[in-house]
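Take a look at the following structure, please.
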């Protein structure tokens, strides 16, 4: 491609724009002085954008995205988060229930969506346990049980050593049947779960006293990434029994569920942002989780940069489009 | 196939196998990390261009996952739900399997009800035998009938009646809303009149561009204000316009053309919003992969 | 025989499932549930066909030494190995080989393939959000607004961004558009169901008398 | 029946008097204990009612009650007892917490309800020391329901739809009302296959990643017949990679039928209907490979797609193929719209077969669906106006539960 004066002008203008805007944005984000490393990164990115502008090759886009994710991870840029009402609704519900309420947490996702889903489940588990509620853990997805065990091992056992299994929390585990399982649990929990995940009879646990079916639950939380997921919980349990349903899903899934909010769905965490918002609310109320409940908040750093890069990409794309159109017109 | 590719393939296979099994047997964490990281890099390499490493990972993935799902299907469904009970019926007269799950069995004798799906399944497998392969259509017909029937009512309930129910909202609400509504209606009428008599007849020229820009900016601001002031009215109107876009029996001209165009704009806005909202999820996935790669790099260096 | 019986079977099960939706009677419901169990079993039988298909096509390519045949061999070997181990050992959490093969081959490859979406979403935005038409402009502008609203910096630039982004997503255009599609698609699904149950659409069943 | 339920407690009042002796004998020692401990005595629940669960299968009964009068700080919950006759021994059916005022005796309980048999119930409030039993209520019988009246709106919708389809059958058979507005994506299908022919490269058809129990997959199989027919007419190979094993026989039949319809059954190659894997991303990886290595020139993505939609369509774009997508999965539509040349949105996707074949039989349901849209629009306008004036019966009707 032949380089014209317009090309050089746009490259220089973009570099200037980034050098000015970049630190401003970082300062807004961190309320701190920008350090030289970031200037370096900025120059680097500018060069790549220039390269992209020259070649219009999408592999440069791939490289840009990779850098946008890796560089902030290497330099530990954290994100800044504020809790939105739709997430706050879940937090407030857990907060307002009297201690000892029954809360069901269902793990309806697999390893593929762990980055988004696991922080949600972990944060809600922390909150439910610190409030002294009874936590019933189950999975509608076969892959969910493994994730539930992960939470139990890394969060419950480590951070809540005083909580007793079977008294404060109970791992019911996975049962096949998809939405049919929810349907059956609505009628009776014992009909599906005669034992817990370890195979101990369910009635041996003091928590199960007075728990008959899903209507015995004061709140059902579901962390999901597809079908069956929150939609099925709403359809087969929430709508039928007027049980409050809330939870978190991947951002893609979230757009599908907003029509259910707020009539059929108490609140919803959408993607990493939702998880980070819940973590933020949790940290604000319970500072003891400042060091542990921060996975999603920490991930927001690379997110911010990647979003900015994509936005700039669109601008560059349009610039290329208008330049080439002008050239063709001549 | 060039011999060079063959050598690459052999090397990959040898390295992976050695690593996987030493990793598995000795429980040596870093070797597991190596396998995961190498496979990750092989798949990412496709982003540059197709190459033998990607081909290897792709074919390995297909083989392993197809087998995994098949064994899973056999171990979790075919055997416990079908073959085992049928065999038990066969050998023990049915008593054992009845005790195993407490399904009451209505009209058909228990054993027969259990055998029917197995018969359908075997009919499906006649496909592998050429001349009577057409029998397999019976099994397909069963699944299609079941699926069509259940989907029919399910869609009617949650997506049809459910969404209509969600859309039925008081269109104008809030204190003093009617007065505001009338005011907005007057402004809307003024805008339409302005378009009809002022903008539509404008000639080219700098002044015209400015006037036109001012008009369109005013319109967009007005629409936004209106939409936020009367969200329910916006929803109802928008849904109706969207439905008109999906209307097939009428040519989209005149009033239909206008409304269906608003409908398709609504769809585009929705798509844009979903797209923008999804970016975060996709970046999250990459962050997850990169942090795994980071753990690997941390081990190595 | 070849066509009438399948149509009858489809009709019977389709109509039954529609009718049983309206009848809470436990006897009817039970049969509905049982049919569901049957479908799961019949669907599981199909795995045999699927694996037979993979093996047949791959082995043919290997046999004919077509392009990339060594890779087809990789598929066949990994498939047979995994299947053999899986059938002997089971597929649960407590297995030795299957769990390791799953965790160390299947999981990283699946997650990596999934994560390539991050690159593709960027390249799609870069390429497609060029303002050529009104449609593209609307798409691009809403996408940008929502993206800015989703990151903390957006809030820094203008405190209204998150609110605007939320409004677009939850109350405004997004919900409206989705609802229109949902209702329309439900109608489409219903009429497809109707065509299937009553045998109006039968070409997929193949031919024959 | 309803009136009977409400009058039942009154009708049983006399019976309850007799029974009070029974419950009293149980409660007395407990009262003694509590008084000894200085705790106020626990009172039994009030207004206990037992009734047939409305709109059920006939295997459950519902028991409702009011909390005991006065402060009940120590109250833990309620236990429900049942007997076949008021004088027999009452056995524990189940228990609920203190906030629940209703219990359903359902088939999953260890003590089940038999259809048509008479039962008597008692509800006891309990605390850490003991329980206070209400008087027995009954007899109550469980009956099955043959029609769920709350689902009437759905039935009405079905009847309307069926009726309109029948009417439109009549009309379209006479050759009238055959018009369908142009759907660009479907009109472009032939162009896409033609382009592949010019380049001498195969056509790729991906019917989504769901099993045949998904209606979109079924719809896609039907469209596949038409696309295969086009491919056969143009004499280009059509490759169909599959994600679900059960779709393999379906797709084979569809493609073969398409080739048969085109009059070229001999050019059908069964090796081009390929099952890859049930795993979503293994499948995606495999299809990527096919697109790059077999250089497919026309891509059809029609069916239920999920996250792989963007991977497939972006890879397809980079190979320079013409791409036509169609799905009813809302969350994937944006990506198809962005990356494909043509996208069939929601209902357009389902309408494809009718549009291609212009068969009057297939047009009936399409026109019926259009009629239903008119009904919906009318419902929306009328319903929102009713809501505006505070009339809620229409929304009440559509609640369905």
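Note that the chains are named A, B, C and D in the order they appear, and that numbering of residues resets to 1 at the start of each chain.
Operating definition for what follows: a residue touches a chain if its C-beta (ideal position, glycine included) is under 8 Å from a C-beta of that chain, and two chains touch if they have at least 3 such contacts.
Because the structure is predicted, anything quoted here is derived from the model rather than measured.
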Under the document's definition of touching, what chains do chain A and chain B have as common neighbours? C, D
Which chain, with its centre taken as the mean C-alpha position, is closest to the global C-alpha centre? B
Comparing centres built from CA atoms, which chain ends up most distant from chain D? A
By raw count of C-beta pairs in contact, what's the busiest chain pair here? B-C
Cα centroid separation between chain A and chain D, in whole Å? 27
Euclidean distance of C-alpha centroids - chain A vs chain C, Å: 22
Here the gap between chain B and chain D, centre to centre from mean Cα coordinates and rounded to Å, is 16
Chain B to chain C: how many Å between their CA centres? 6
Show the residues in chain A shared as contacts by 2 or more other chains, in ascending order. 58, 62, 65-66, 69, 112, 252, 255-256, 259, 273, 303, 306-307, 310
Which positions in chain C are in touch with at least two other chains? 18, 21, 27, 36, 39, 42-43, 46-51, 54, 67-68, 106-107, 109-111, 113-114, 116-119, 121, 123, 125, 127, 129, 139-140, 143-144, 147, 150, 169, 174-175, 178-179, 181-185, 187, 189-190, 192-194, 196, 205-206
Residues in chain B with touches to at least two other chains are numbered 43, 46-47, 55, 57-58, 61-62, 64-66, 68-70, 76, 124, 127, 137, 140, 143-144, 146-148, 150-151, 153, 155-156, 160, 163-164, 166-167, 239, 243, 246, 267-268, 270-275, 277-280, 283, 285-286, 288
Would you tell me which residues of chain A are touching chain D in their complex? 58, 102, 112, 184, 187-188, 190-191, 209-213, 215-216, 226, 239-240, 252-253, 255-256
As the complex stands, chain D meets chain C at residues 55-59, 107, 115, 144-148, 151, 154-155, 158, 161-162, 165, 211-213, 215-216, 218-219, 221-222, 224-225, 242, 244-246, 248-250, 253-254, 256-257, 260-261, 271, 273-282, 284-285, 293, 307, 310-311, 314-315, 317, 328, 330, 333-335, 337-339, 345-347, 349-351, 353, 361-362, 364-366, 368-369, 372-373, 376
In the complex, chain D touches chain B at residues 151, 153-154, 157-158, 177, 179-181, 183, 212-215, 218, 245-246, 249-250, 253, 275-279, 281-283, 285-286, 288-289, 292-293, 330-331, 333-335, 337-338, 345-348, 351, 366-367, 369-370, 373, 376-377, 379-381, 383-388, 390, 394-395, 398-400
The chain A residues in contact with chain C across the complex are 25, 28-29, 58, 61-62, 64-66, 69, 79-82, 84, 86, 111-112, 145-146, 180, 255-256, 258-259, 261, 273, 300, 303-304, 306-311, 313-314, 316-318, 320-321
Chain C residues touching chain A - in the complex, by the definition given at the top: 33, 36, 93, 107, 110-111, 114, 118-119, 121-123, 125-127, 129-132, 140, 143-144, 147-148, 150-153, 155-157, 162, 166, 169-170, 174-175, 178-179, 182
